[in-house]
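A short write-up of the structure that comes next.
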């Protein structure tokens, strides 16, 4: 390759402090002066002890938390868009097209059948219903989710089953940037291996990822570099 | 209609000509003119107490009182008949307070006051048909708020009226409503034709006479001037239809008039006769005969020994 | 409409410095925001914070004391809704909008059948073919998962949840651009509420509808809304993406509101 590809996400001078107005104005500084980039094929793994701010950073990148300062620019439809200052419509559009997120749990679980839930990201991006269904079926099979569950809403599923639905929703289409917050936490070894393979496939196709993996085997299998969040801890 | 208000001998009277005082009559005439100018529009008026209870047609009586003059010939029908207690008393009332000639002959009358029917015989220019109206607001059954129904008329929002027809079809497989069937006047105002059978609705369209409607309790007057377009509401796939009968009139044999069913005895024998009693009598006088001609009902007045 | 078009489109609703006073009591004050086609906006806040007042002002039912509400009408384009003549405004409300009330009694005609309630908006738009309207009604009853054999029953014979489904169908059948909802699941018990919410969420997404939904229930807000306005004493104290406002609330009042809900 002649020139290195552009980063898909660029974080500059990011800081996050929580202010708890109803707890006497308690201030919880988490990180500051944080710089981070991820380019196609890269999988940056956030590291650090519990409470250091890994999830907080991840959520700030996704537009779920509001950073105190700094910018998170995402290459969206050919241009860098700062998600921290974007309008709700723009954030939703970035999430729909560019930025995928696998949280540890399914947050909102409406009573929609699993198959439909997995098809949704495709339908929202203009894929035909037939193709979306075929792809959702193939992926759910790959993830070895029993077919009898596909027509049921995931609200009654086990943690591991729900997690696979969650993963399916994020891998059903190629998001240029994928944020992974312990996607394999509640999976058994076999399923973890399947997810590792999905991640590698996506990376080799040019996705950029930022992830949190407590499982060292998984981390070693996917990480292209580690990013210690502690380094940006606010000086006490 | 002649100008009763300017009669020279008026001052000599002990009572107000045609019962109402001149002030009131002028007010009612103004409302009538407004109603005629806006066909189908419900013009408010200051309804007066009348010597009959509401439901006896106080609105119609006030209208008649406001337009009648001594040269008028007055006819009053109730359910198509000239001889019911109501019709007879109202006719006597006007004979006394307005000094007018009365008649049962539709063609001869200049003012016809009616409840529930339009005469079978086509009306002519110069005649006035006065309707007694219990509920002037066709939308009232569906929308209780007066402010809202007023706005609907003002802005020609008549979708709601179709809801009642829709309900009818859903319930009966056809538009089963038979009386007080709503019409559009001049494609502008939705109007209740008072509780006449829908059989009579087509007679309102392009009629030569003036049709006046009065609601006493609700204090509304509305009108259809001569040659006005009056269309009964319907759906594209459920067009408006009038009632028809298998039978002919038992007395005069009429095939095209509105028939009343009359139960004859406890054995369930019945007959169908014209609801318009004058029309039926006239046909019989002309020599038309029905299957039960000569039945005692054919000559009730004679039976009374009058 | 695809996401790009949705984004590129002009605002559907524009609210500027809207205030409504009841004498010296504030209903809502200085509210400004824009909404785009297909967006679902949630208005949250405690009782008496001005949610209903704001919704009434937005939906043309209550003239603001000051400020402006502009809507992209089908017939007149972007218009100040209180600047339109009354018949034009009423026509816009009929053609472009829906309104789902908390109490079905306020949103349904209790004297006519469920089916006629659903079909009425079509008649209001001038449709005059019974058979076509009947089929459209049946299709909508199916869509809101009601037993179509009960199409001719009166609303009072339906349960609260079913009445709300009739209301939803009645407010969507004519293809509105914007639907207002005031606590649409407020009077229902929890399981009925959950099913109705799922249904509404699905319909709103499938139809690409814009919705303004008032609720004091954060779970309802999270499920339905893309974006929230948080109201307190008549003022908007915080606004933003729904998950942002609920997961990382910035204003003291929002933090209190969110923390007072155990599990959302």
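Think of it as A, B and C in the order they're written, each chain with its own count starting at 1.
Everything below uses one rule, namely that a contact is a pair of C-beta atoms (placed from the backbone, for glycine too) under 8 Å apart; a residue touches a chain by one contact, two chains touch by 3 or more.
Computed from a predicted structure; not experimentally measured.
The touch graph of the protein chains shown is a line. Relative to chain B, the chain whose mean Cα position lies farthest away is A. Taking the mean of all protein C-alpha atoms as the reference point, the chain centroid lying nearest to it belongs to C. Taking each chain's centre as the average of its CA atoms, chain A and chain B sit 78 Å apart. Centre to centre, using the average C-alpha position, chain B and chain C are separated by 47 Å. Centre-to-centre spacing of chain A and chain C amounts to 32 Å, using the average Cα coordinate of each chain. Counting partner chains per residue, chain A shows two or more touched chains at no residue at all.
Interface of chain C with chain A (complex): residues 2-4, 6-7, 36, 39, 194-195, 197-198, 201-202, 222-223, 226-227, 240-244, 247-248, 250-252, 255-256, 259.
Those residues of chain C lying in contact with chain B across their complex are 86-87, 90-91, 94, 109, 111-113, 115-116, 119-121, 123-126, 128-131, 133-134, 151-152.
If you check the complex, the residues on chain A that touch chain C are 18, 20-22, 59, 63-66, 77, 88-93, 96-97, 107-108, 110-112, 124-126. Taken together, the chain B residues at the contact with chain C in this complex read 141-142, 151, 154-155, 157, 159-160, 162-164, 166-167, 169-171, 235-238.
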